[in-house]
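Order of writing sets the labels: A, B, C, D, E and F. Residues in every chain begin at 1.
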């Protein structure tokens, strides 16, 4: 295989291990997901991405479950299977029930539909929305 | 202009007026948005779309504010200006503060970023997510 | 303005004029659309694009109206306003009625919706489709 | 597996079975596709989606083959493998030859190309298209 | 107008001004672009985004001109007019000629086309690429 | 299997073989990739696509490595796995190091993020970019 594979903890540099350690501690998990093991090929990107996600997904004006569901909505729209799988799992861990998941996917589907109806008819933005 | 323009209430068929009336009553607004006035060129589609949205966006396992924010997340990802404008306005009416909007847009941006990091490294889905 | 504007016939090189002439003759129009006037900044690309479109959009196993409607379907999905406007106009010239346009946009909307339902539930392809 | 799998007829609720029965009868098939078996986790969404598709895909101003090809065009643009597979199969059943499929994919490719050429040069919409 | 407008320097908080000052100094410009003035509604996001961009777009294994052209390629693919405009301008400042721009847009168009040809035929990845 | 599979050289028409021969000669490879073997179902499209790619990807104002990286950027944005795999391999053959790949993917991710930040805040294009 000529393309990069995952970098496991035992093979990682000190810089990468420091990020892996922080992910494991913050999330209370024994190992990091594949996403981080591949991103480890770019140690600066690994650190920057993790720190950005940690900041963005922390509880704030929106709670963590809502944040994870928004993440799923984007990933489903883009058709990114890895992110659909990982963030659906994260949303379930944060309390998403199957009823909530069903409603989430239904809204994502509907929004993708009406986005195109608006495009197709070239609907001008109402003055009230400006 | 050769392409279809908006259909105003006074020019609408009885079938279209019935939908416009239900939108105005359900949302307690004096007139419908441009989206509906253009979609009125397809009366069956107008009725079907409105009834689907009414069902999907009703309070359920998810509350209306969360639903509107998910709608915004999809619309921002797709770059549909009309839907960004109309559903951001709807989310604000449902209680979205500017702090919540800032977090929403930040998550949408981040998810769009990590979707592509996962694509670029062709990260396989972890067994734990299956 | 620092970015390139349209190149009009009178200012065009012989290479660009030859393509413009062929477009005008093939389509029986007095002038080319803005698309070609901008693409003229890349004469090789102008010629290649025109020849590809002429080949692809010619009557074949599919008739020109169906071809234009497929073009609209893609453009609406991508939210490309220029192409929605120009190919909707071309489809109307090729015989698309407003009823056909309404059905076209409805299918595009529905397909965009069910694409995301399939993504969200990560539905595996049925053996019958392989 | 923590994520939802397909719901088979024998395990389905009466509400879901009623939709499955209507799909099987309408399409004259012995079983429904995976898409419906997953969507069955959201019975209201299952019913709404099936009724919308049945209405939209029925013969109208456009014939069923053209409708299926438009569906394929959207699915190919979005890269939704499930929908590409299922609607290509449906289009073939409705009479799409391989020559027609080749032309369809060629148009979808070309439209995706020129959408970006129009974006890249920021081509303004011609007055004639308004 | 109910939606947020740009935040000008004179109206900005100390936190926002610090980022604006760093942008102006790093880029040697008298004022920041609209992008930053709107993002200023989310001061934490403003700071994080600026620091990420500064890190990512700095000279590294790739030179700044190539980096800007990659940025344009993504923005054209997504149809984000603001980013097409701002990063095309940045690429020109970094030395992009019109011939280079023409080739860039042509590649972006072609890649968008062949991405869909690969989708349409559901081409399996060659073993040699794994 | 009802859908078209790859067409191997030994089963190809003279028209298809001529294109396969030119690809093998131009790239100095013993066989063509799957992409071409599937596209061979549309001989006119095969020839047109190969000739367009040969013209577009030839050394010009941009060198072949930069061209391949732009191709990867588009493919990653669209999530086209086949094209990500094939063009990442091509870029590596053209000299892309892992450090360059890491920066490329990071820019693609960042651009996808800021495209949505610009969408979300509906940032107007600065006069300086017109």
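FYI, a residue touches a chain if its C-beta (ideal position, glycine included) is under 8 Å from a C-beta of that chain, and two chains touch if they have at least 3 such contacts.
Just so we're clear, the structure is a prediction, and the values are computed from it rather than from any experiment.
Participant: How many hops, at fewest, get you from subunit D to subunit F via touching chains?
Facilitator: Tracing touching chains, the least step count from subunit D to subunit F comes to 1.
Participant: Could you run down the chains that neighbour subunit D and subunit E together?
Facilitator: Chains in contact with subunit D as well as subunit E: A, B, C, F.
Participant: Look at all chain centres (mean of CA atoms) and spot the one farthest from the centre of subunit C.
Facilitator: A
Participant: Count the residue numbers both subunit C and subunit D use at their shared interface, divide by all numbers used there, and answer same if that is over half, different if under half.
Facilitator: Result for this pair: same.
Participant: Could you tell me which chain lies farthest from subunit F when each chain's centre is the average position of its Cα atoms?
Facilitator: Between subunit F and every other chain, the largest centroid distance is to B.
Participant: Have a look at C-E versus A-C and report the one with more C-beta pairs in contact.
Facilitator: So, comparing the two chain pairs, more contacts are at A-C.
Participant: Could you state the distance in Å from the CA-based centre of subunit B to that of subunit C?
Facilitator: 27
Participant: I'd like to verify one number: the distance from the centre of subunit C to the centre of subunit F, where each centre is the average of its C-alpha atoms, in whole angstrom.
Facilitator: Result: the chain centres lie 21 Å from each other.
Participant: Counting only residues that touch at least 2 other chains, which ones in subunit B make the list?
Facilitator: 3-4, 41, 45, 49, 52, 56, 77-81, 85, 88-89, 102-106, 108-110, 112-115, 117, 119, 121-122, 129-130 - these are the residues of subunit B that touch more than one other chain.
Participant: Give the list of subunit A residues in touch with subunit D in this complex.
Facilitator: Against subunit D, subunit A makes touches at 79, 85, 88-89, 92, 98, 101-103, 105-106, 109.
Participant: Spell out the part of subunit D that touches subunit E in their complex, as residue ranges.
Facilitator: 72, 76-77, 79, 81, 84-85, 104-106, 108-110, 112-117, 119-122
Participant: In their complex, what parts of subunit E are in touch with subunit B?
Facilitator: Residues in contact with subunit B: 2-4, 41-42, 45, 49, 78-80.
Participant: How about subunit D: which of its residues touch subunit C in the complex?
Facilitator: Touching subunit C: residues 3-4, 33-35, 38-39, 41, 45, 49, 52-53, 56-57, 60-62, 66-67, 69-71, 73-75, 77-78, 80-83, 85-89, 97, 99-100, 102-104, 106-108, 110-115, 117-119, 121-126, 128-130 of subunit D.
Participant: State the interface residues of subunit E toward subunit A in the complex, per the touch definition above.
Facilitator: 1, 3, 44, 48, 52, 55-56, 129-130
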